[in-house]
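Quick one: the structure is below, and I'll ask about it shortly.
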Amino acid sequence: MAKFRKLKEFVIEKLIFASGIASIVFVVLIFIFLLREGVSVIKSTSLGAFLGGRFWYPISDPAKLGILPLILGSLLVTAGAILLAVPLGIAAAFYIADVAPAKVRYVLKSGVEILAAIPSVVLGFLGITLLVPFLKHTLGLPTGLTALAGSIMLAFMALPTIISISEDAISAVPREYKEGALALGATHWQTLTRVIVHGAMPGIIAASMLGIGRVIGETMAVMMVTGNAAVIPTSLLQPVRTLTATIAAEMGEAAKGSPHYFALFAIGIVLFLISFLINLTADLFLNRGKKR
Amino acid sequence: MKKRTAPAVVFLCLGLFSPFPFPKSVAPRTSAALQIKGSDTMVNLGQAWAEAFNRLHPDVNIAVTGGGSGTGISALISGTCDIAESSRAVEDKEIQQAKANGVVFNQEIVGLDGIVVVVHPSNPVANLTMDQLREMFMGNIKRWKILGGADIPVVLLSREVNSGTHIFFKEHVLRRSKKKATEEFSPGALMMPSSFAIAEEVAHNENAVGYYGLGYISPRQKVVAVAKDGRSPFIKPTIESVRVNAYPISRPLYLYTNGRPAGLVKDFVDFVYSKEGQDIVARTDFVPIR
Amino acid sequence: MRNEGARQKIGFGFLLGATLFVVVPVLAIIVLIVVKGWSALSLEFLIAMPRDGMRAGGIFPAILGTFILVFTSIAFALPIGVMAAVYLSEYAKDNLLTRIINLAIINLAGVSSVVFGLFGLSLFVVFLRFGVSIVSGALTLGIMTLPVIITTTREALRAVPRSYREVSFSLGASRWQTIRHSVLPFATPGILTGAILSIGRVAGETAPILFTVAAFYLPKLPHSLGDQVMALPYHLYIMTTQVPGVPENYRYGTALVLVGLVLVVNIVAARIRSRIRRNK
């Protein structure tokens, strides 16, 4: 009887271990399968021409597979979103974590959680239905389908991430710091801006990086409002095309084994590597914050 | 407790979803299911056909998906659909790829379509030659003033690269039907996800110009008359002008299958050619072939 | 000194302003969707099949498809996620392997949704030959939601007081017995929270299902795991960008059903979470 139980436990504990490393397995699998198809893009173009090429005409003969406009499109939309979301998010995080009275804090935190829950496609739907015509009329643009529309929608999506992680970092600052400053005669505001900010800085930076990671990987909302023109952007007020929208819009057509198919997987590799680097960096910042 | 009942519930519900039919092979499907994929231009037509066909054959499961002509053709090559709807002919390299996969294209022309060029109703431009269209969509005409319109920028709307409409426009308007030509759409052209999206943007944007099939004509956009060259008359796209090939940008609508249609696929194709099927073509504002 | 008081007022005012700038639009979004979509909500809308090129009738197949995907993906992810969290919380030592596992979880959480779609396409649809089916979609979505389950379960396990485990050990129980009887039962509400949050996440995703399971139009409901399904987020997408002539309140109605589903799910999870905190 005891032997049977020992055997059962052995099996269960092996399963638990297997599940434990499952995340590693999946991440590696994703990378391998992306690589499997994406690496063949080298057959049709050089790495330099792929990453730096200015024209994306994937079904022409010969295919022009330059993703520079797509990379710049993603970067531009992301930069715009971060410019909007980071200041707003950090300010809101400070308010919620440190200034707001308890009841108000509950309402505000719920508001942020609701924002986090809204699906990307719903924001895209509202964006194309309301924001895009609005931008066109108020800014007098040729079309409202622009990088700016994308940045605004993405800022909404990044805010919950930035706010909640910053808020954690702010709350984690030891009470002694705050109490010490107040005891020395500092006002609440002075304490906030000079003491707590420093203590929470690594966490805030990590929050911003994770916000960037979230934004650069967004697909549906961007695809619906940025106009999808694969041109090297010169301003936020023009249509752009992101890496993610390109994959989503074109994957259906690409015949298996065609240069187009490989190129889309190669774009996937680029996206995967970008988010990997961002998450690695953010993790380092978060750990540095914790060690303090 | 919750933990013990959870697995039981899971298995119960999994059981509701038996049988568990995988892996799928590349062999053509002969069970009572039909997968139709492809042209966005034709997707509403395909859906109307599917609805009507379903009324005659209630036990058949038809799935209609869009994605663009290229999507349908590549699905046919991969064996993941039975019928590909396409608003352009298959290309040589697709025929090669098909052969490599053991697939032989069978082409059925099931209707005709005209590609209409549309602008905002307030736009005074009403006639364009093929050359002017070409220059405009390649990005060489940037303001409407040059064509007799207001001094406002031209906003080009195009379909995605997987769209048969996109490819047909590129080959027959931009490249003048020359096989070795290399003209492309201007990179600044906005790639819209569907003909409907183009229609919406044109209806709301006085700077915009776009193109789509006859089936999407509506009073909310102004249709431009097109002339083959400087000496020919400007023709408006209508069912008649497309049928007699007077309108310069007309094209056939295709259904592709793997080999000659057989079984359920043949039933569907026969239905498409029948009076009811062709009535549906006319009702969705395309030109019936019979 | 008065300067400082004024500066503080301005500073706090600015912070409050920023917060309102974030929270008020959320309210506006919800109100807008409710107001414009409410008129479309009827019994027919919720349980009937689409008619007339999906311009009329109901959106039942999309609702059903979403439910199926949610259920199957969580059925796959929950056991693995819980066991992984158990490993991290109860067995793992503070070594390089654990650090790598944590890194992998964070990375999995950060991968773009469309990259998951590519992964699902190449592994499940093509390589394993599952085809475009519920199986492919569920596995893809399951892997995507794994980090959520692992993280919330790990928190729930950590919250169980150490003394519970110590008592169990001192009575001679093995590690697994301790976990099974003295830890997991008390972590269950937290685990449930994680599962419920995953529901919200999975229900709203479009990109991972684009190439793995979603269909534009299906006249019949799915009856096996090998079938395709329609899904709410994809349905909203095509109604916005691809189907002409859909009445405005239909689109808002679909958005309302989707947002409503997601909100209900999140509210339930929040209630459970606050009940846990209260019971501490």
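Couple of notes before you dig in:
Each chain carries a letter (A, B and C) given by its place in the written order, and its residues are counted from 1.
Keep this in mind: contacts are C-beta pairs under 8 Å (C-beta built on N, C-alpha and C of every residue); 3 or more make two chains touch, one makes a residue touch a chain.
As the structure is a prediction and not an experimental result, all values here were calculated from the model.
Between chain A and chain B, the least number of touch steps comes to 1. Between B-C and A-C, more contacting C-beta pairs join the chains of A-C.
Centre-to-centre separation of chain A and chain B, using mean CA positions: 34 Å. Here the CA centre of chain B is 34 Å from the CA centre of chain C.
Chain centres here are Cα means. That of chain A falls 17 Å from that of chain C. The set of chain B residues touching two or more other chains comprises 67, 193. The multi-chain contact residues of chain A, meaning those touching 2 or more other chains, are 224, 252, 256.
In chain C, 241 are the positions where the chain touches two or more neighbouring chains simultaneously. The touching residues of chain A, when paired with chain B in their complex, are 55-61, 69, 133, 136, 142-143, 145, 223-224, 227-232, 238-239, 241, 249-250, 252-258.
Those residues of chain B whose C-beta lies close enough to touch chain A in the complex are 67-68, 70-71, 73-74, 77-78, 93-94, 97, 152-153, 155, 160-162, 167, 182, 184, 187-193, 201, 204-205, 207-208. Chain A meets chain C in the complex at residues 9, 12-13, 15-24, 26-27, 29-30, 33-34, 36-37, 87-89, 91-92, 94-96, 99-100, 108, 110-115, 117-122, 124-126, 128-130, 156, 159, 163, 187-190, 192-193, 210, 213-214, 216-220, 224, 244, 247-248, 251-252, 256, 264-265, 268, 271-272, 275-276, 278-280, 282-283. Residues 53-54, 71, 75, 78, 128-135, 184-185, 188, 192, 215-220, 223-226, 228, 238, 241-244 of chain C are the ones touching chain B in the complex.
Remark: chain B residues 1-3, 6, 10, 13-14, 17-25, 40, 43-44, 47-48, 50-51, 54, 61-67, 80, 193-197, 199, 216 touch chain C in the complex.
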